[in-house]
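Two complexes follow with chain A in common, the first pairing it with chain B and the second with chain C.
What follows is the complex of A and B.
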């Protein structure tokens, strides 16, 4: 823990850096006007317009809906499949070759195929987001499930738990720390796939908003859209960390103890 | 008790049990045979690495023996049965770190009436009722092992298996835990099977000590321990009978330890 007084100095430096960067931009925009360098004020205007009214409904919310649905599907599927795969060893030879192959396909490459299958629909975009972000969760869950202490599984067997109950009550909680690190990776991939999926055959969403404003040479709006995506990523990451802190409080306590014991 | 069999069948009969790493590899257990009567406290001792834990896993049905069988009141069983519970050696690996002490004890108590009451009674029996809402990693080693003990007795087992339960705690805690386990076994009229490498502990706690050979393990001798109960850490351990039995068991185990593992 840092004492409050010690935190102020770095915070001031960080704020100063941001202010300096913004000032540099504004100075450059005013002295060397160019299409790609709009004044800060117009970017801020565009940014604020994205968070209410028509643009909220037509750009931000559709994107957030696709992102949330795709990511949730990836987490549920990745967790379930990963835990089954990590615990049920006999599944491994059946599933692993396919999985190892699929994970090397960049999610972007699946986009044209998804467009053929689903058409230019929400389902297509949700599928692409889920496809891209499922693998980090799946691999992390598999890894976490493999490393469950066999003694805990023995305890569960002696307590009369069935295989399914062991997976849910022992393997899943034990794998959660690993799953959370997978979800953090999945979140950034999901953001990328959200934007890309909205660049193709879309009529709403943030990706579409950025693309249209680029075609209209509304550079300030393009940057506003980009900054909005950054904001979404930041807020979701912070939310994820907050959830993790609550759900995995036991893990930090437990790990802290084993580490002090070792030392 | 509802069990009114005319002939008192042993609570546990290990009949000629053999077990190897695999079908062709060297054997760990070889023709192991012994019996445990209801209410009896049996301690299994032997040189380290002789296969005590393998024996325990076979008894608990966590493993199936290659030959022979394990019977409970004359009956064969396949899966870990509900009348049996185990306390493992590594308390810091056998408790669920994401569950509180209370939840750890409740684990495996399903569809049981008066759950909270039974959990609190089990926690009181191990003197841990004040720590019910703490997590395992907030407890000392001895407290963690007491939590594991509470989890084992809350299901009211017929047979309690203890796999070197006091091996990883300090000497004072070990003595306290020994007394606590003996009190609980007496109060609940439990049949208890203790696996240990500590000869003093085996002679002090048990009604019968089963001495195992080096690998592949078989029973060398069964020694009845007729020391009066309740036993006292000082009075019992200073009695001539205790010293004589301890000497006898110690000699047997040392003879085994000095022999090279037999080729089978």
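What follows is the complex of A and C.
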């Protein structure tokens, strides 16, 4: 806990850095005009234009749709497979080597193959996004499921829960904290794969928008597109943290309790 | 030992099942068999490509840009991480800038780098270094911040100067988390290297895969993809092995 007065100085420092950098950029843009140094006002204009009207429909929404569908597919598949893998120990030696190989294939390398099989469609982009982001979720879910307190499982068994019920009502909640950390990693990978798939093969979406504007030398729009992608990443990360805080509210107290009991 | 042998056998069986599924997908026509060559043909193409073929040159070119790019990121990331951890004022002043840059996926900056640097090795190296600096920077910073204060006090008692304290206490203590960041970065660097190659035609795996695809050499394309997977796997194994051998004091190795 710091006293309030102590927090004003850091804030002033931070504000000063930001103002100085923005001022430096603007000064450089006005005195040394260059293609890659557009005035800040034009970047802001481009940014605002991306959030409504035609560009919202042709750039932002297609990207968001692909990102959300791909990430959701990765979460569902990763959770299901990971929890099965973590609970059914005998399965692990059978699939582990295959998984350990597949997860090191850079998802970009898969893209041309997906392009061949699916064509330049949304299916292809969603597949690539899901392929890239499924592994962190899967590994985190496996890890979480494996660490479930055996006492909980025994209680569930004694209470007469079937295997499926045990997996959904005991293992899944217990693995959630680990799953969430996996989803955070998956989110950043999904965003990268969304951009790459739109840079290489798309005719709409934010990746296509920034690449086309780069070819037209509309640099302010390129920066605006990059900022929009950053905004999406930031908003989704914050949303995820908020969901995590809500869903896992029980976890913090529960963990504290068991840790003190074990002394 | 027998258990290890049994597990190895199960793992091989699992890979065999995956191969069988691939062949079944071909035979049943789930995917157009022309898009999905047989595994035997892919392995043959991979072997031919790697044995003095074009694929070998592509892999070498990618490693040739991956290595200096990652090295650059390692040096800058380590220096930046140590500076941010030891100079709280610097950390406070730069925090908004770092938090602003962090959520932006580096690949989105490829068009910007194309504008500023143009097509070429310089731009590729810059993109690789820029993308892979972040995990190194942040994990080094966390590592330095986690140095046991008693070590620093001991150093002070022993009259070590600030530079000697950094070299003899901070660096060894922060090395394991730096190494973890470097391992994460190595995978990112590979993705960015290949993406830049695909987009700009710079020599390497990315442009090779795109070229063979556009020329309809489907078997060669799949061979290159699976070879890239092996490369990613080998890079990770290399880093894990070196970490274990070089840093027995790392928390990950302490219990062994």
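Before moving on, here are some points about what is shown:
The rule we apply is simple: the second predicted complex is superposed on the first by the 239 of 263 C-alpha atoms of A that agree within 3 Å, B and C clash if a C-alpha of one lies under 4 Å from a C-alpha of the other, contacts with A are read in each partner's own complex, and residues count from 1 in each chain.
Basically, contacts are C-beta pairs under 8 Å (C-beta built on N, C-alpha and C of every residue); 3 or more make two chains touch, one makes a residue touch a chain.
Everything quoted here is computed from the prediction, not taken from an experiment.
Contact with chain C, but none with chain B, is seen for A:223 once the two complexes are overlaid on the shared chain. Residue contacts after overlaying the shared chain place A:164 against neither chain B nor chain C.
Look at A:154: by the touch rule set out above, it reaches chain B but stays clear of chain C.
When the two complexes are overlaid on their common chain A, residue A:188 makes contact with chain C while staying clear of chain B. The partner of chain A that touches more of its residues, comparing chain B with chain C, is C. After overlaying the two complexes on the shared chain, residue contacts for A:234 are found with chain C alone; chain B is out of touch. When the shared chain is aligned, chain C comes close enough to touch A:21, but chain B does not.
The residues of chain A lying in touch with chain B in their complex are 149, 151-152, 154-161, 169-170, 173-174, 176, 250-251, 253-254, 256-258. By the touch criterion stated above, chain B contacts chain A in their complex at residues 60, 62, 79-80, 82, 84-86, 88, 90, 92-94, 96-98, 107-108, 135-138, 155.
Partner chain C is touched in their complex by these residues of chain A: 10, 13-14, 16-18, 21, 35-36, 93-98, 100-102, 104-113, 115-117, 188, 191-192, 195-196, 199-200, 206-207, 210-211, 213-214, 217, 219, 222-223, 225-227, 229-231, 233-234, 237.
Touching chain A in their complex are the following residues of chain C: 6-7, 10-15, 17-18, 31-32, 35-36, 89, 92-97, 100, 103-112, 114-116, 187, 190-191, 194-195, 198-199, 205-206, 209-210, 213, 218, 221-222, 224-226, 228-230, 232-233, 235-236.
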